[in-house]
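You will see two complexes here that share chain A, one where it goes with chain B and one where it goes with chain C.
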Partner chain A sequence: MKGLLKVFEAIRPSFEQGGKLRVFKPVFEALDEAFFAPSATTVTAPHVRDPLDVKRFMAMVVIALFPCVLAAFYFFGLRFAVMILVSYAAGGAVEVVFAMVRKENINEGFLVTGMLFPLILPPTLPLWMVGLGVAFGVFIGKELFGGTGRNVFNPALVGRCFLALAYPAKMSASWLGPGNGLTGRLFEYAGASAVDSLSSATPLAMAKQGQFIGLREMFLGNISGSAGETSAIAIILGGVFLLLTRVASWRTVASILGSFVLLAGALHYAQPGTFGPVLWHLCAGGLLFGAFFMATDPVTSPITNTGKWFYGIIIGSVTVLIRNFTGYVEGVTFAILLGNIVAPILDEIVVGVRIRRLRSEG
Partner chain B sequence: MRFRGGYNILLEGKPERQIAVMPEPDALYLPLRSRRFVFSELYVKDGERVNGGDILAKDPDNYAVPLLAPRAGRVQLKEKEGHIVLEEVAKLQERADMAEEELEHIEREMGAGGIKRYKLLALGAWQFFYDAYTGALPDPLGTPQAIIVSTVSLEPFVARGDAQLHKRLLNFTRGLEQLQSLLEYQPIYLVMPDIESEFANLVRNHIRGYAWVKMLEIPLTYPYDDFAILARKLGLKRSDGSVWAVRAEGVLATDRALTLTKPCTVRIISIGGTGVNSPTHVKVMPGYPMKDIRDKYVSEPAARLINGGILTGELLGAETLGVDAECRGLTILPELQERELFGFARPGWDRSCYAVCFLSSLRGKFRERFTTAMRGEGRPCISCNFCEEVCPAGIMPHLIHKYLYRDLIEEADEARVDLCVECGLCSYVCPSKIDLRKQLIDAKVLIEQEKEEIRQEQLRQEEARKQSVEEKSE
Partner chain C sequence: MADNKQLACMTCVPKGLCQGKGLVTLKEGAWANNPLAIQMLGICSALAVTNRLENSLVMGAALIFVCVGSNLIVSLLRKYTPHRIRMIAEVAIIATFVILFDQFLKAFYWDMSKQLGPYVGLIITNCIVMGRAEAFALQNPPMLSIVDGLANGIGYAVVLAIIGFFRELLGSGEIFGRTVLSADWYTPNQIMILAPGAFFALGIVIGIFNAIKGPEPEEKK
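This part shows the complex of A and B:
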């Protein structure tokens, strides 16, 4: 691998100031830094640094998504691989163009966005919509705010929200019945032609008609739904991993699920006929996926720990309200985006209190 | 007492407790600068012969704290820039006592209490004292509201308390008594890692009946030994007067200066870190040639020498030739040699990480072979909140960073950047590799300057008003 390093060093000058390819400097740097750890050393105290960097931080999320991705392959087939590719290509292109225009580094955040996005889409959605959605999400949801670290909204959710509002028919009709048996749909490429509107209605949509799918199916993921959100067990596996690594905050997850369970439980207790049981609601739709992977995005959730509790409570309860009292069958997307809006205010309040308390110190 | 934040960085090369004695040097290179002091007022001429304990220079800005000659020798001023060189060093009889008439004069001027303080200052013990809040040298003539005595040094790696106190229990307790004699009724807080230990019991037996020493147990997590944090935890308010803080070596120096009336010129420092072949504590005098230490202990060809610990120490350049007057330890760290392939994607069995993001988390505690690598690219803050979690002072480094990014100095002041104890943990844990410690320190300095300017301006206005009033009355 010494050879590769030499190649990088040899072509580096043409990307520097005055070089022919200087426009592509962010691309070169991203490649260079992806292959080799940076050569920078500390200048002042502290003289050592923690091994964790943003690349690793983001890579942990991608690793945690592995069970969900595998489940998506199993239940919905190889087409999902193409969706991931399209998502990375379109999202990456926007990111790269912006990095070149701004003359900044390419940020690692889109590694996560590119992976999250196809997981929250219906599995037979036309590929051009996948590309358009992720490009919109990265452009509007992230780059306009100044890139990773400065965005207010979760870019993947912005993209999904855009698709849901712009192409409601396609977004609600592209579901696919899940694969069964030993190999599932692992060797199938199930496109739009495979859609059978009867067998592929999502649990939440069927619940609106009073039909409740069994809990066992929902726990394993043997149901219709967005590509990555069906299998509760896969999500919990990855999510717990993410909590253990401390990349995601357990406070956010606990408060979302806690408030959701409390509110949904109260509704079910009051009117068991109208409102579904708690465990069923917990496994249905994108709640678990949103709670573990979407809401915990450190950039768009509140920074302060107290803020995270309130943020989670807002997301959890708004999800229950949207699901049960509005025309939408699923409310997680809107609930988290609403949480993103509220997050800076929550932070402001908590920080204000903390600063008032700090004033009396020392 | 509850502590918040804190984190122990497990760096390879922890110094052993025993103390190695370095051979007597031929020449001493005494730097005129140290962390707090600039010895700008010279008291010796070029070529002059001095005896051990003679005053070579003083720092006029810090209560004229002296730089003492650790050994007898001939002074060379011009040979090395920024150093006083002592040649033909010999271990002659140290100046046994101070001149009688000098002491009598002082006693007449300042009384019996004053003479103790004068001795502390003139014999080099005073430089072991710190103001708990600012870390500066306290006023030797003032009376503090309390003294904090810490026997723990937690930063990797500075000389530890157990190495300092080894076999010197008697001197330590005698030093405590001497310290008490400087006070009227104010308490001394003795900070220990374990107040039930054998050593603590011995100390307790020795000082039995002295109600003025209060023992205090702290967990061994960096940086709970920081004086500002201890003072805050003890509820000592800054407005109630100064708090003196001193470590074990300072108590021993106090004992030496006041009981024996001998100059304190020998220090125990640690030599530790990844680049050292046999990490240990050594007994050296200020000015000990850095080259000798380097030759004996540094195993890495490309190593960084740090004066102090890994988190707050200062880079020792090649221009510093000797151990300075305030040195507490030398940390040696290998420089980053080569760029690792797929550094971020490795399982990381040998990496110790604050978050649990590497395989090594399954491994239990171990000491990592750190280098000077930054280990990541600088990125915008991703709001991971690690810096706030780890901050022992209870402030929000990420918030202050964002304020400073937008030039909101006033808000940074409101967010109490002044409570920062400069421990360096926020910079250490930051995954975006933001140099938070430096930013916070810069902001503190800037705010202090601005406040000072406002104060000066108010004084000037006051003057002007007074003058105009006087003119009118005339």
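This part shows the complex of A and C:
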């Protein structure tokens, strides 16, 4: 490490003000901070007591995604690695260009977006769509609003929503039946040629025709669906890690899942023939993934605790409504984006009510 | 305002019809104060009809016609219109021209009329036309008002054509209904045909317009 540090110190001047390569300062800073702790320290109070900065915060999420990524490799094969590469390259390019134009540091937030994005896509989606989607999500969903920390919507979901509306045919037909046998598809590169429309319909799509896949398959993830959302057990593993490290708010997760279970349960109880059982719906589609990894994004969810409860209730119940009463098969993407829109309003209301209460108490 | 004299419209100056303000007015309406990209008026129709370039051009032509016609009549009648009923008078004049254009489309270009649907009729409520009549034609002589109507109509039509061009090109790979981007390698981006695509396209065009124009003078201080 010492040698590396010397190299960084030696080339640092050319990136500073007046240096030849100052345009690339964001890139240099990002590499520097990836290897070493930030050189900036606080001079005056308040001093940092726990160095949990944005970088470590985001690193936690990436670590928590590990089980899902492994599951995606196991069930859908090596092509998923290429999807991750494309996602990082295309989104990263937008991020770097904006950082250079704005003369800001490259933000770590993209590490998470670039990893989340391929996880919520159909596994055989054309690679250029992966790149276009993530570039759109980062550009329109994040950078135009002012960059990380200022975005209203979750960039990965903006990208997915864009693809779903722009290329509906591909987005709803690029599913892949999961690999069978001990090694799954671990050593396969399954592209579009492997798509078999009969065996690869997602559980929610089949449920619309009255067929319900067994709960055990749904729990393990041995089903068709977006790359990272099929395996409930892998999502729960990573999600619990996020909750224990308090990176994700348990209030958001609890209210999404709670309201979902209540509403879906009531529907199933009223008409068991039409509406699927609660536990089945819980494991189906992207609900768990969305609840643990997408909705808990600290930027796009409310700040106040009361706001988080209402935010979760909106997402959970809208998901139930879209899944059961519209032409769409799955509604988690739209539900979370809708939640993102109301998040600032919820905060406003909660703070307003609190101020009024304090005033009336005198 | 000294340099404005150099821009003075050559055809108007000798006759004194535009009081030498012709070119300034033209530039103001079509570029510096573009009704769509700068003033954000008439957004509704810009989103609704721009899914094909052809529709955008006809809509632009309709607005130019209505804007020029209504500005002229409003300006001619400006000294005889009682101030308290000027709005009603303006609406009646604008509606006359809109209906003229609508009937013309129905008579000669029935297919186009069907495609544009209610949006030609809705020009009556377009803020640009009403706004120009209120803000310009009521205070200015007829010739200058015609120039102003023409300028604003062109400003609107050009932005509409830009949006329509990109929406048709990306959304269906066609220009004027002819395939430009072959389906062999180009997958049409269906969001560009839908309303969200119109919002994205309009937003980006407005952004580019404002970036070229630079910040407002008072913001510079």
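The working rule: the second predicted complex is superposed on the first by the 352 of 362 C-alpha atoms of A that agree within 3 Å, B and C clash if a C-alpha of one lies under 4 Å from a C-alpha of the other, contacts with A are read in each partner's own complex, and residues count from 1 in each chain.
The definition used in the following text is that a contact is a pair of C-beta atoms (placed from the backbone, for glycine too) under 8 Å apart; a residue touches a chain by one contact, two chains touch by 3 or more.
Computed from a predicted structure; not experimentally measured.
Visitor: Just checking: does A:149 make contact with chain B only, chain C only, both, or neither of them? Give me first, second, both or neither.
Guide: Only chain B; A:149 stays clear of chain C.
Visitor: In the overlay, answer first, second, both or neither for which of chain B and chain C A:162 touches.
Guide: It touches chain C, and chain B stays clear.
Visitor: Return first, second, both or neither, reflecting whether A:345 touches chain B, chain C, both chains, or no partner chain.
Guide: Touch partners of A:345: none, neither chain B nor chain C.
Visitor: When the two structures are overlaid on chain A, which partner does A:170 contact: first (chain B), second (chain C), both, or neither?
Guide: It touches chain C, and chain B stays clear.
Visitor: When the two structures are overlaid on chain A, which partner does A:60 contact: first (chain B), second (chain C), both, or neither?
Guide: first
Visitor: Once the two complexes are aligned on chain A, which partner has more residues of chain A within touching range, chain B or chain C?
Guide: Touched residues of chain A are more numerous for B.
Visitor: According to the stated criteria, A:140 is in contact with first (chain B), second (chain C), both, or neither; which is it?
Guide: second
Visitor: For a test of understanding, state which residues of chain C touch chain A in their complex under the given definition.
Guide: The touching residues are 187, 189-192, 194, 196-197, 200.
Visitor: Which residues of chain B touch chain A in their complex?
Guide: For this pair, the touching residues of chain B are 9, 11, 133, 232, 237-238, 304, 306, 308, 310-315, 331, 333, 335-336, 339-345, 348, 351-358, 370-385, 388, 394-396, 398-399, 414-416, 419, 424-425, 427-433, 435, 437-438.
Visitor: In their complex, what parts of chain A are in touch with chain B?
Guide: Interface residues on chain A, with respect to chain B: 1, 5, 33-57, 59-60, 105, 107-109, 146-150, 244-247, 249, 298-299, 301, 303-305, 351, 354-355, 358-359, 361-362.
Visitor: Which residues, counting only chain A, touch chain C once they are in their complex?
Guide: Where chain A meets chain C, its residues are 140, 162, 165-168, 170.
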